[in-house]
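Each in structure tokens, the structures are laid out below.
Consider the two complexes below, in which chain A is the common component and chain B and chain C are the respective partners.
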Partner chain A sequence: MSSSSVTNSSAADETLRAQIFQRLHPRVYLERFIAEKIRPDGRTFDEWRNVSVNVGSISTADGSALVRMGDTTIVCGVKAEIAEPELDHPEQGFLVPNIDLPAICSPKFKPGPPTEEAQVLSDRLNEALVASGVLSLSSLCIHPGKAVWTLYVDCTCINYDGNAFDAALLAMLGALRSTTLPKATYNEETGRTTCSRKTRSPVQLTRNFASSSFGVLDTSHVLSDPTAFEEPLMDVTLTVIVDDRGELISTTESGGAISEETLLRCINRAKERALQLKD
Partner chain B sequence: MAQSGNDRRRINGPEESFPPVFDDEDDDDFKLRSQRKRGPGDIRPIFLQPGLISQANGSAYIETEKTKIACAVYGPRQSKTTTYSEKGRLNVEVKFAPFSCTRRRAPMRDAEDRSIGVSIHQAIVSSIRLELFPKSTIDVFITIIENDGIEGCIASGSLAASTALADAGIEMLGLVASCSAAIVGDGIQLDPTEAEARASSGTVILACMPALDSITSIWQSGQMSADLSLKCMEQCYERCNDIHSVVAQSLLEHRKTD
Partner chain C sequence: MSSTALRSISISSEEGLDGVDGSARFSFHPSCSALASVSGPITARLAAEHPARATVEVYVRPLSSVPGTAEKSRGMAIREIVERSCLLAQHPRTLIQVVVQALTNPTPGYALLAAEINACTLALINAGSIAMRGVVCAVPVGRVKKGSAISVEVDVADDVVLEGGGCFAFLFGFALSGPIKGSAPPCEDVWSTYSARPGSSFDQAELVRAREVAREAAAEVWQCVKNSIRHQKTIGETQSPHEVDVKMEI
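Right after this comes the complex of A and B.
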């Protein structure tokens, strides 16, 4: 009786000691795992977390997607509004992506205006969507020079467990793919645009792509899809965006120097991942 | 939303944009849709899932047809202010996702967010044993993912907050259940949607602790006679007992699967 309770409490003690060690010496804790060729959550270096995408569940939005990448949960909604186009681009609509990392998703974010991290993510997502040309802005034109659609693509993070960029990009694409716009007619006499509630047509996307993020530790260990525990300990973070035809859209790297071989290896892995995600 | 302003911290769109205006050709269709499909005493089915947000101490996600709310509790943690307080502080912050309402909301917090925060604060503060956490703050963050009526938001938000607090293991006197009602003509309809609340002449939101047989908050707005408002409160109170068992059941199931 007493011996079994001793073993039970010692198992609980060990877990508590491991947790305290993780809090006090995170880098050493991670290095111990890396030495065994495994990561704290049980994945190998190359393994990706399970991804689930749920599309079209929000009725107030014109398009929506909910993405869960492991524990990282991001909700994205698309709202369409009508605006006057810019004078030098009279046939182009607007695509406005934004991501918000509110205090709800992690203890390290405090309530208030967008933090640096959120601003950087928003900017990178904007660049990714623009650089890929995923949505032809002229397809959003209602009447040249007078009325165009503006698509506000807003992501909100509900649970932040690392790698928000990949999840947010996936959510934005999912939401855009599920977006339908009502048929709009511009009345030249009154200058007003009215929409029909009955007919809706989907938004035309030109290509499909996926992003893969990696973290590099000690210049030789490349971990894909870092969690919130691993992310701040990485020396270098690397993100590769590849489309479903295997073409490279963008590569971003920050934090330090990496070898060309590492970069090529990551690009190849990203291509495999894009094919994987296609299904 | 008319003005996106020059918010330098976000990607900006055009200076002014207007939500689409629909022509009224299918007005009949719309009227049919806003007719109530359930009885006047029936509330919408509640789906409540605790423990959704792994980063938080406690969390809950609630979904009732078209209202979706996520709630996270962080705490007790250190108070930012240096003034000593014998009792802990409860801080409730509500945020609407930009795509949650029919008209896009600016990401900035405005008066509506704060007033909902105050309502939920009042509903749950008396159930928490704050005297056990001096100098600490309990932060409750609520994100409204889809909004179908402010009354529904406040009621569901209070439920989610109470569940999240229980999930975080914070000592409470009891679970808080909350229900809303609207006066339409001479009749009372429980749990109104946005369309129903707009068509009504007044609404009542009641929050209570059925375990202790006590009421924590009542918000009444609009025009109604005193008798009618008392009847509303009684009906809400009865319904809260059922809601309480739903919340308790979901917490038990969550613990069993842990």
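Right after this comes the complex of A and C.
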């Protein structure tokens, strides 16, 4: 009995020592794992975390999705409003994506106005959704020059464990796919728009795509889907967005030189990942 | 092909903003221009201080309206570039504050971002107080249809027909490893983004081609930056080295 309690306490000691080492020397800790060809959470370099998508769970929103990518949890809701279109584009509706990283999701975010990370993520998601034309804005038109739909796509992170961009993009696309808009008619005489309570039609998405993020350590070790521990230690971060036909939509690389074969390898992995996620 | 687009590059650090350590203006074209200022190393806020290296803060301001998420995103890109190109460990517990003012309206393409990055590089050189690993030069590239030629796109008027484009930033330095092409030193990539507009897409061959086009154009930008240094006056000088040469000839 006493010997088992001794082994238990020494195992607990070792875990404590490992945790202290991880806090004091995070990079060395990670490099020790990399040398054994494994990552701290047990995945291989190429492995992606399990993804689960739950669509349509929020009944009060016009469309919603809940995405879990490992421990990173993102909730997305779509709300539709009627607005007057811009004078320059009288037949185009509006798509307004936004993500919020509140203090609840991670100790590194403090309560208050959106942090730089949340703002940058919002801008990148805006580029990925609006600039890539996933939703034809003219399909949101009710009456040219008078009434158009505005879709507010709002994401909130409930738990942050790295790679919020991939999870948020997945959540936004899932929510948009499940969005239904009521049939709206514009009355020219009164200038008001009436929405039907009974008929709802889904929103038309033109293309489907998935994003994959990678982190490169020491120019040769490429880790897919970095966690919150690995992310700040990466030398180079790379995000590739691939559409469902296997064609590239956007690549963003920050941090330094990666060799062409590494880039090609990442692109191929991103394409496989897009096929995986399609199912 | 690229030299025609880069023909109208204009660099100036003559006026010099008074309240900062270094400033410079860079424009690819009259419709694409940015002004950057650098102050540093200066005192950092206690919360932002780092014990082993300098902290970098970048603020990007648009020509009109308040800074939004797009400016924050460009600011983060510039911050990552500055952190990679400056030797921050030489100035621990200090702050390097970079403020970038866009002098023209934003475009759907990346020309303004490239101008801002180049302006920051010039401002850092003008300040002279922060050691750098190399000089960062950025260029915007674009192409019209999938499969067509990629070229440097700096004119806002051309921007509307583009169906794909991106921005590539390279670090040039003689201390880096790599081939020396012409007069420019070896370079390594430091930041890049490439994306297709709605309805279009690209493949990896195009990405590789775009990088090569950007690399050559960036070398030309480097040459423009080097030429502009000759014309700069340092504090206390009444004539720049260029003017002295001209007078000597008479």
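FYI, the second predicted complex is superposed on the first by the 278 of 279 C-alpha atoms of A that agree within 3 Å, B and C clash if a C-alpha of one lies under 4 Å from a C-alpha of the other, contacts with A are read in each partner's own complex, and residues count from 1 in each chain.
One rule holds for everything that comes next: a residue touches a chain if its C-beta (ideal position, glycine included) is under 8 Å from a C-beta of that chain, and two chains touch if they have at least 3 such contacts.
Nothing here was measured: the structure is a model prediction, and the numbers come from that model.
Using the superposition described at the top, determine whether chain B or chain C touches more residues of chain A.
The partner making contact with more of chain A's residues is B.
Looking at the overlay, what does A:260 touch: chain B (first), chain C (second), both, or neither?
second
Is A:123 in contact with chain B, with chain C, with both, or with neither (first, second, both, neither)?
Touch partners of A:123: chain B and chain C.
Just checking: does A:13 make contact with chain B only, chain C only, both, or neither of them? Give me first, second, both or neither.
In the superposition, A:13 touches no partner, neither chain B nor chain C.
Contacts for A:243 in the overlay, against chain B (first) and chain C (second): which applies, first, second, both or neither?
A:243: touches chain C, not chain B.
Report for A:132: first if it touches chain B alone, second if chain C alone, otherwise both or neither.
So A:132 only meets chain C here.
For A:252, select first, second, both or neither according to whether it touches chain B, chain C, the two together, or no partner.
So A:252 only meets chain C here.
Of the two partner chains, chain B (first) and chain C (second), which one does A:156 touch, if any: first, second, both, or neither?
Once the two structures are laid over each other on A, A:156 reaches chain B alone.
So in the superposed three-chain picture, is A:71 touching just chain B, just chain C, both, or none of them (first/second/both/neither)?
So A:71 only meets chain B here.
Where on chain A do the contacts with chain B and the contacts with chain C coincide?
119, 122-123, 126.
Of all residues in chain B, which touch chain A in the complex?
The contact residues of chain B facing chain A are 1, 4, 9-14, 16-23, 25-26, 29-30, 52-56, 66, 68, 70-72, 74, 77, 93, 95, 97-102, 104, 107, 139, 141-143, 145-147.
Contact residues on chain A for chain C in the complex?
Touching chain C: residues 116, 119-120, 122-124, 126-127, 131-133, 206, 241, 243, 245, 247-258, 260, 263-264, 267 of chain A.
Can you name the residues of chain A that touch chain B in the complex?
57-61, 64, 71, 73, 75, 77-86, 94, 96-98, 100, 102-107, 111, 113-114, 118-119, 122-123, 126, 150, 152, 154, 156, 158-161, 182, 184, 192-198, 228
Considering the complex alone, what residue numbers of chain C touch chain A?
Against chain A, the touching part of chain C is residues 69-70, 72-73, 75-77, 80, 84, 108, 188-199, 201-204, 207-208.
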